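Chain naming follows the written order as A, B, C and D, and within any one chain the residues start at number 1.
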Amino acid sequence: MPNLGVIISLLIIFGGLAWLLFRSLTGREVKRRVIFVFIFVAVAAPILFPITFEEHATPVVRDLFDRIETLPRGSRVLISFDYDPAMAPEVQPMANAISFHCLTRGHKVVCMCLWATGQTLLSNTINDVILPEFPNIIDGVDYVNIGYKAGNEGVLNVIVSDFKKMFPTDVNGVPLDSVPIFDEINSCADFDLIVALGGGRPGPKEWVLFVGDPADVPVGVGVAAVVAPQLYPYYPRQIIGILGGIKGAAEYESELAHRHEQFADMDKPGLNMMGPQTLAHITIMAFIVIGNIAFFTGRRRKDR
Amino acid sequence: MRRQIPLLITFVVGTLLIVSVFIPPFGELETTFNIWFDIIAVFAFFLGGGNLLRVHIDKLRKKKRDWPFSIVTIAGFVVMLAAGLFKINNPGDIASAVDAPGSLFSDIFNSVQYPLSATMYSLLAFFVASASYRAFRAKNREATLLLIAAFIILLGRTPFGVLVTSWVPDSTSLLQIPNMAIWIMNAPNLAGQRAIIIGIGLGVISMSLRLILGLERSYLGGEK
Amino acid sequence: MNRSTYIVAAVVVLLFALSWVLHTLAMSGEADGVTRAFMVTMAAFLTLAIYSFLYKDNAFYKLAEHLYVGVSAAYWMCQGFWSTIVGNLIPRLSEGASNFFQQPYQASSWNVAYWIPVILGIMLLMRLTKNYGWMSRWPLALIVGTTAGLNFVRYLRSDFIVQVSSTFVPLLGDKELHPWLGFGAFVSNLDLSATGQLAALATNWVVFLGVICGIVYFFFSKEHTGVFGRASRVGIWILMITFGASFGYTVMGRISLLVGRITFLFRDWLGLIS
Amino acid sequence: MKHKLMIGVLFVLFGMSSLWAQTEPVEADSAVVDSTELYPAPVSHLRATDKPNDHGHAIVVEWETSADDGGGKNNVVLYQVFRSMSFDGPFDSVGTAPAGEGRFEDIGSKDRSSSSFIPDDTDLFYQIDAVTADPAIRTPSDILDPVQSSGQWFNTGRVPVLVAVLIFGLLTGIFVTSAKRGRELYVRPIGGIEAVDDAIGRATEMGRPILYVLGLGTAADVATIASFTILSRVAKRVAEYQTELIVPTYDPIVMSVAQEVVKSSYFDAGRPEDYKEECVFFVTQSQFAYVAAVNGIMLREFPATNVYMGKFYAESLLLAETGSLAGSIQISGTDEIAQIPFFIVACDYTLIGEELYAASAYLGREPKLLGSLKAQDWAKAAVVVLAIVGLVAANFGWLEFPTLFRVID
C-alpha cells in the first residue's frame, strides 16, 4: 500500500509541475495558491507514505564510512557526544548510524561526552539502538559508557596522555581498570579511530587540535550543517571524513543500508527527514525554473 | 524643560555606562541598569494591555467592521490574565512557577498559543516557495547572481546535486555542486556578511554617540 | 452572511465536536481525558484556521487571529509580572510583600535605588493621561541612554574590532593547514580539502576583496564613480551572492517547521501515522 | 646555569616531598605507611598575584606542575588550592584545577557577609596540594608568602577599545563642527528612500491607506530609532496629501513614541486637526500574534503602500509575501542580516543594513547628522587601510600587528 501512495503523490507532484511548465510556456502565470498546494503535498506525502531517495555518499562521507568498514574486527573506537537537544535532530541520526556500524563490524566502542547535555542523548543511542539491535552484546567488553566529565578542553588535554586519570570509572561506577575494553587503552593514542559528534565548542575542532593531531589518531566528525563549512580545511589530513547536517546523516544511512542488511530494516531518521526536504527543495527549484521561463517567454512576447 | 531633562538623563546614563567598561569599580552598573530596564518594561506591558483594551472596546462600542471578533480578543485577554495573575488551577502554592504543568495558564498556552505560534511560523515554508517563484527572476545582473547562488545552495542539499556532477574528477571537486555550495557559504557569503556587520557596527556606534550627545532626538517625539 | 457561510460554520462545529468525542473515547480511562481531548482538538482547529488564510482571509482566520492577540498579550504580562516584579523587584523593596509571595527577601542598603525604576515605570503609565503624557519621556530617556551606552562599546568591540582583525588572512596560503605540495599539485588540484591549495587561496582572496568592496558600497559621502564606483558595484554583487546563499540555506529549516506541524496533524490529531 | 638551578630545586623538592610522604601518612592513614612511593611530587615555583584589571577581591595563583603530572609516576589527577588569612591556618579549600593546569583564579565575593568574601589590602596565604586518584594520597606545597588583592581604577586590557572610542569620538566631533559651520556634505542617493514619496503619492491617487510597520525592536534599538525619523517624514507627507496612515506596534513604548512622532508631523504639516490618535496602536508583544494581526490588516484594508523599517526577524517574509498578495508597493529596511534576503526578494525597495541608519541623516539633511555620517565613512576608510596593513603583516610574518587588536576581558 505505501508504495501506491508514493507513486500517486509523486505523480501528482511531477505531473503537476509538467503541466505548470507547459502553461508557463504559453505565457500564463501561476497563481500563488497553486504553489501552496504543491508545497503542502511535497511535504505531507513523504510523511504519510515514507518516501526515501537514494542518497549517494559523497567522498567526505564515504571516507569515514570506509574507515569504519575496513578497520579489523576488535578495533577500538571512541565516540564523543558533544551536543544538546537543539542539535539532536541533525546529529542524533549520525550517532545512531555510526554506533550501529561500529558494533556490527565488531569494533569495541567507548562512548563519552564533553557536554553535560550529551549524557541523555548518549543514553538514548544506547537504549534505542545498541541494546535492542545487539542483544548479545556485553557492557564493558563490546562497548562501555564512561559518561560526562566537566572541564571542556581540559579533559582532552588530560586524556590525550592518560585516560584513566580523567575517567577513573565508567558511568556506573565500575573502575576502568576492571573494564575489559580498557585493558589495552591507556591514552587516546591507543584508539584506532575517534568520532567526534557535535557542532559547538568544545566539539570536533577541539578534538582535532587537542587530541587528533598530538596523539596522531584519525578523527572523523559528524556536525550540524551550519558548522560543516568551517571544518573542510582540515579534511582529509586532520579529519578523515565529515558528516554535515541531516544530509550527511542520510548519506551515511543509505550507504550503511546498502552494505548491511540488518540496518536496511531499521528506522532511518536521516533518510526519512530527507524525503520531505528533497521533494520540497525540488519543487521550489522547479518553481524557480518555471518562473524564469514564464518571465523570458513573457518578455519575448512583449518585444514582439 | 520637558526636553532638557530627558536629554540630560540620556547623556549621563550613556556616559556612565561607557566609562564603566574601562573603570572596574563601575563594572556592576551594567547589571543594575539592565534590571531597572526590565522593571520599566513590565510597566510598559500594562501600558500596552491598557491600549489593547481601549482599541477593542472602542471597536465594540462604535460597532466597527468585524467588531464581534473584538469580543474574542477581550475574552482571551481577560481569561489568560486572570489565569496567570491568580494562578488558577496551579498545582503548587504561590511560589510555584506561573506556567507549572496542569495550571490553566499552561493549558491555554499549550492548546492555544503554542499551536498558533508554531503554525504561523510554519507558514514560512509556503511563503519561501511563493517568493522564490515570484522574485527569483533573472531581470538584471544583481538578480541573476542572487538567483544562481540560491539555486546552487538548494541543489547542493538534494541528492540531485550529487548526481548531476558526480562525473567531475575528485581533483577538481570544487566544481561538484555540493562542494561549490560549501565554498559559496565559506567565501563570498562570509565576505558579504562581514562587510554588512562592519557597516552596521559603525552605524550603531555612530547612532549611539549621536543619542548620547543629544544630536539625534527623534525618539523624544515632536517639539511640542 | 449568506447561507453557505452558515453551512460551513455548522460543518466545522460538527467536526470539532466529533473530534472531541472521538479523542475523549480514545483517552477514556486516563485522568482528565475530556480536557486533553479538547486541547488536542482545539490545537488542531487553530492550526487549520491559520492555514485557511493561505486560501483567503476568512472568519476562522479572524477568530484564531483575535484569540491569539488577546491570549498572547496577557501571556507576556503575566510572565513579566511574576518573573520581574515578584522575582526581582519585590524582594528588594518590601519584606512583608516578599513573605506574602514566598520570595527570599534580599536585604541591602542599596535597595532604595530600586524605587527609581518604579517611579519611572509609573511616569511611563502617565502616557494614558491627557496632561501628563510628557512625563513618559523620562523613563524613555533612561532606556535609550542605557542601550546607547552599552551598544557603543559592545559594537565597537565585538562587531568592529573583532571583525576587522579576522580579515587579516594569509593571502599566500596557510602553511599549517595547506602545505605547499609543488607547482603541479597547485594548479591541478581544485579541491576544498587540505590538498587544494588553490581553492584555499581563492577563498582568502575572495573574502578579503569581498569585504573591502562591500565596505566601499556602504560609503555614503562619496559619489560612486570611477574606480570607486566599480568597487562598489563588485560590492553589491558580493552582497547579492550572500543574500542568495543565505536564502537557499534557510529553506531547509523552514521546511522542517512545516514537517513539524503536519506531523502534529497526522499523528497527534488524526492518528494516521505512528 | 639555569638548568642546573632547576635540577637543584627539583632535587630539594623531591627531598621535601619524601619528607612529607614519610610524615604525612602516619597522621592520615596508618595502613598505607609502606606505600610512600605513591605520593606525588609537590608543585613548584608557586606564585600569587593580584588579578589585574578588576575591582579587587581576586587573586591569580600560578605554579609549575608536579613532576608526577604527565611524567614520573604520572598519578596527579588535580590540584587543590587552599587559602588562609594567616600563616598558621586554618586553610580553606577554594577550588581545584585539573592536572596539566598551572593556573587558578581565586575570585571572591565583594560582599562582606558572603562565605567566599576576599578582603582587599589584607595578607592572604596560599598552598596547593597535588592530589592523586585516591584523595587521601596528596602532597601539599610550601605555604606561599603573603599576597594582597586590590582593585584597579583602569582596565588596561581594554586599551584598544578606548583608543577606538576616542578616535571615533574625535572624528565625529570634527565633522559635526565643520558641517555646522556650513560646509556642504554630499550624501549619495538611497533608492528606497527616494521611492517613499512616490509611494505616498500613489496611495493618495488610489485612495487607500499607508501601512507603516516599525518591527519588533524596542524604542532603544538603533534600527527603530532610525525608523522613527523615516516615520516622521512619511507622516508629514501623509498629512499633506490627506491620506490615511496605519501604524500597528509591537512594543508599548514604541507605540507611545510613534504617537508623539506622528502627532508632531501632522502639526508641522499644518494639519493638527487631522491627527487621530488611534492610527498608532498596540497589538501584542508576541512575535507571531503580531504578524497574524498585521497580515489581517493587509488583507482587509488593502494598503497601497507598506513600509517596513526597523528590526525584523522570521516574520519578515510572512509580512512581505502577504503584502505582495494584497498588491501593495513595499519598501523595507532592516539591520537584521539574516532577514535582508527575504526583504530583497519580496519587496520593491530594500535598505540594506547601514543604509537604514543613513536614511535618517539623508532625510533630515541636518548638518550634525551628515557630519556623523561623514565620520562613519572615515572610520570605514580606516578599516580598509587597516585590513591592507594587517594583510601585509599576516603575509610577511609581522605577527605583533594582529595582537594590537586583542581585547582582553
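The definition used in the following text is that a contact is a pair of C-beta atoms (placed from the backbone, for glycine too) under 8 Å apart; a residue touches a chain by one contact, two chains touch by 3 or more.
Everything numeric here is computed off the predicted structure, so don't read it as measured data.
Least step count on the touch graph, subunit A to subunit D: 1. Taking the definition of touch as given, a chain qualifies here only if it contacts subunit C and subunit D alike; those chains are A, B.
Chain pairs B-C and B-D differ in how many C-beta pairs are in contact, and the one with more is B-C.
Once the centre of each chain is set as its mean CA position, subunit B and subunit C turn out to be 4 Å apart.
One simple way to say how far apart two chains are is to compare their mean CA positions; for subunit B and subunit D this gives 17 Å. Centroids of subunit A and subunit B (each the mean of its C-alpha atoms) stand 30 Å apart. Centre-to-centre, using mean CA coordinates, subunit A is 26 Å away from subunit C. Taken residue by residue, subunit C touches two or more other chains at 50, 53-54, 62, 64-65, 68-73, 75-76, 124, 127, 140, 143-144, 146-148, 151-153, 156, 160, 164, 167, 192-193, 208, 211, 215, 218, 239, 242-244, 246-247, 250-252, 255, 258, whereas all remaining positions touch fewer.
Of all residues in subunit A, those touching 2 or more other chains are 32, 36, 39-40, 43, 232, 277, 280-281, 284, listed in ascending order. Chain contacts: subunit B has residues 18, 21, 41, 44-45, 47-48, 52, 66, 113, 116, 120-121, 123-126, 128, 130, 132, 134, 136, 146-147, 150-151, 154, 157, 170, 173, 182, 185-186, 193, 196-200, 202, 204-205, 207-209, 211, 219-221 touching two or more partner chains.
Contacts from subunit A toward subunit D in the complex involve residues 32, 151, 154-155, 157-158, 161-162, 164-166, 168.
Those residues of subunit A that touch subunit C in the complex are listed here as 33, 36, 39-40, 43-44, 47-48, 89, 225, 232-238, 245-246, 273, 276-277, 280-281, 284. Residues of subunit D that touch subunit B in their complex: 53-56, 151-155, 158, 161-162, 165, 168-169, 172, 176, 218-219, 222, 225-226, 228-229, 232, 251-253, 255-257, 259-261, 263-265, 267-268, 278, 281-289, 291-292, 300, 314, 317-318, 320-322, 324, 335, 337, 340-342, 344-346, 352-354, 356-358, 360, 368-369, 372-373, 375-376, 379-380, 383.
Remark: subunit D residues 70, 74-77, 98-101, 133, 325 touch subunit A in the complex.
The touching residues of subunit B, counted against subunit A in their complex, run 125-126, 128-130, 132-134, 136-139, 147, 150-151, 154-155, 157-160, 162-163, 166, 170, 173, 176, 178, 182, 185-186.
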